[in-house]
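Two complexes are shown next, each including subunit A; its partner changes from subunit B in the first to subunit C in the second.
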Partner chain A sequence: MNAPRVNVDPDHAARDLVSLVLTLVELLRQLMERQAIRRIDEGGLTEDQEEALGTALMMLDRTMTELCEHHGLSRSDLGLDLGPLGPLLADTEW
Partner chain B sequence: MPGLPRTTPGRSADQPCSDVASALWVFAVCHAGAFAELPSGAGHPEGGPVTLLRLDDLLSAVVQDVPSSRFSEEVLKQRLADPGELESCARTHHRTVTAAAEHGPVVPLPLATLFNGEARARAALCARLPHFHAALTRVRGREEWAVKVSLRQTGTASAPSAPQDAPGGQAGAGRAYLTRVRGRERERVARHEQAVAAAARVHRAASALAVESVQRRPHSPQITGKDRLQLMNAAYLVDRGRALDLATVLQRAGADAASADVEVEVSGPWVPYSFTEPVEAPDDSPERAGSRT
Partner chain C sequence: MSAAGSGVVAWSGPEAGAPIGVPLVDLLDRVLGTGVVISGDLVIAIAEVPLIRLSLHALLASVSERVPAPWSDGGPL
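What follows is the complex of A and B.
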């Protein structure tokens, strides 16, 4: 159960930073999705608004996948283990 | 390996090692006269026979002379930083503690509990005699069983990229996307709730048979693998005669849960590593951040 070593290789540092940033973006994206669902379930939006919101989220989702591919990461690479709090992205497939 | 004690290299920090040719590795504390010597094969290959060091009328320590060339503070610190060496040291420690436990109850000591000679060892261990007495009474005739409950992660993608996810612009595509997100979200929550409920059932069933239990922090996916989310990582102290009952009860609980992709993993019997730590010790280190029940 050895902890992963910190790799100070600059290439790794850049990649790790990208994956950290994308993890945070992914977290926000998921929160936005959940918030959107909540708003719709509360019935506060018109059909057009729902359609716009859904399209925007769908695009965001697609862009996330593209960004990950661009940086040689897969969606399942995103995620932080917050120790006692569990993984940051609890609902990803990781 | 579940249940292995924490590593505490540098136990001998306040004791200069340089001028001594050998050090004393202490594996455990047990009843005096439990055995004379463990068969060869126990203990570190570099050391002498594993014997008992008398502490008081009732208790002895399970000890081995080890060469300081391999076990001085400096050398050991380096060795234990190497995952392979750490594993082999931990396995040796565990194997020896387990061998000693065949002769009666034992209180395992943390990995790398080392002293400069018998006098120092006796002085340090005797200071904790009340704890050892209490711990031996606590675990006598009992074994530790580890129970882990995890949720198998199925291939539900984080992004609901359904086949009809054609390039945007299609009428209703946005709302369809939201519907998929909603469905996946509901399923995820339901699966998780089901699994947590199953873990609670397993815990209730095991607790009913156990004398004591400890909840430990579930292992991260780093250890369990990305396809599993560990929900419960518990240890139960069980009377030796009830092991079969425990197995039966857990098998039933596991079978009940199987429908929800829940996996119940039982291992044991272990030397009661989880039930011999002093209760008054600071309990906030991450390794023991579990609550005692």
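What follows is the complex of A and C.
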């Protein structure tokens, strides 16, 4: 009885690797987004700094969506459930 | 409704081991908001042979008036 073959077809494995990388990028993006909100709430930023911050984060969010679609993933695929620790990422559908 | 909804994390009872309903990224954000210092030594070894040494004294915190950015113009990164 031969050992159960692990058929890892290349593009499937590549897609999972991309998914892991995109999850890390999404984690950083959400972290930076929250830090930006925290910083804006704190004040001390000029109007155009806040404007630039908002625009940059919006572009980043759009790029994330494009990247996911480019690799045939959806944003919710990036979510990682850490079991007892709960979800890694906050779901961004709002 | 998960215990987190009511803001209380169950210590005992059926809900004890349940995951706290907070995404880890929010926890990380709060940790950064408070600020954390990671200091320690790390040695990466293979087969008991130490190869890489990493000595950390890292401050991880949000930039605020309490923790100013070292470079005034936002710096290289």
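Here, the second predicted complex is superposed on the first by the 82 of 94 C-alpha atoms of A that agree within 3 Å, B and C clash if a C-alpha of one lies under 4 Å from a C-alpha of the other, contacts with A are read in each partner's own complex, and residues count from 1 in each chain.
The rule is short, and it goes like this: contacts are C-beta pairs under 8 Å (C-beta built on N, C-alpha and C of every residue); 3 or more make two chains touch, one makes a residue touch a chain.
These numbers were taken from a predicted model, which means no experiment stands behind them.
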Practice problem: State whether A:Asp16 touches subunit B only (first), subunit C only (second), both chains, or neither. | Solution: neither
Quiz prompt | Broader residue contact with subunit A after superposition on the shared chain, subunit B or subunit C | solution = B
Exercise. State whether A:Ser76 touches subunit B only (first), subunit C only (second), both chains, or neither.
Key: first
Quiz item: Which partner does A:Glu66 contact after superposing on A: first (subunit B), second (subunit C), both, neither?
Solution: neither
Exercise. With the two complexes superposed on chain A, say which partner A:Glu42 touches: subunit B (first), subunit C (second), both, or neither.
Key: second
Exercise. Tell me which partner A:Leu31 touches in the superposition: subunit B (first), subunit C (second), both or neither.
Key: second
Quiz prompt | Which superposed partner A:Leu53 touches (first subunit B, second subunit C, both, neither) | solution = first
Quiz item: Which positions of subunit A sit in both the subunit B and the subunit C interface?
Solution: 30, 34, 83-84, 86-87, 89-90
Practice problem: Give every residue of subunit A touching subunit B within the complex, in rising order. | Solution: 1-2, 4, 26, 30, 33-34, 36-37, 40-41, 47, 50-59, 61-62, 64-65, 75-76, 79, 81, 83-84, 86-87, 89-94
Quiz item: Okay, in this complex, where on subunit C does subunit A touch?
Solution: 17, 19-26, 28-29, 32-33, 62-65
Practice problem: Using the touch rule from the top, collect the residues of subunit B that touch subunit A in their complex. | Solution: 83, 86, 153-161, 165, 168, 171-178, 181-182, 185, 188, 192, 217-218, 220-223, 226, 229, 286, 289
Quiz item: For subunit A, which residues are in contact with subunit C within the complex?
Solution: 27, 30-31, 34-35, 38-39, 42, 44, 82-90
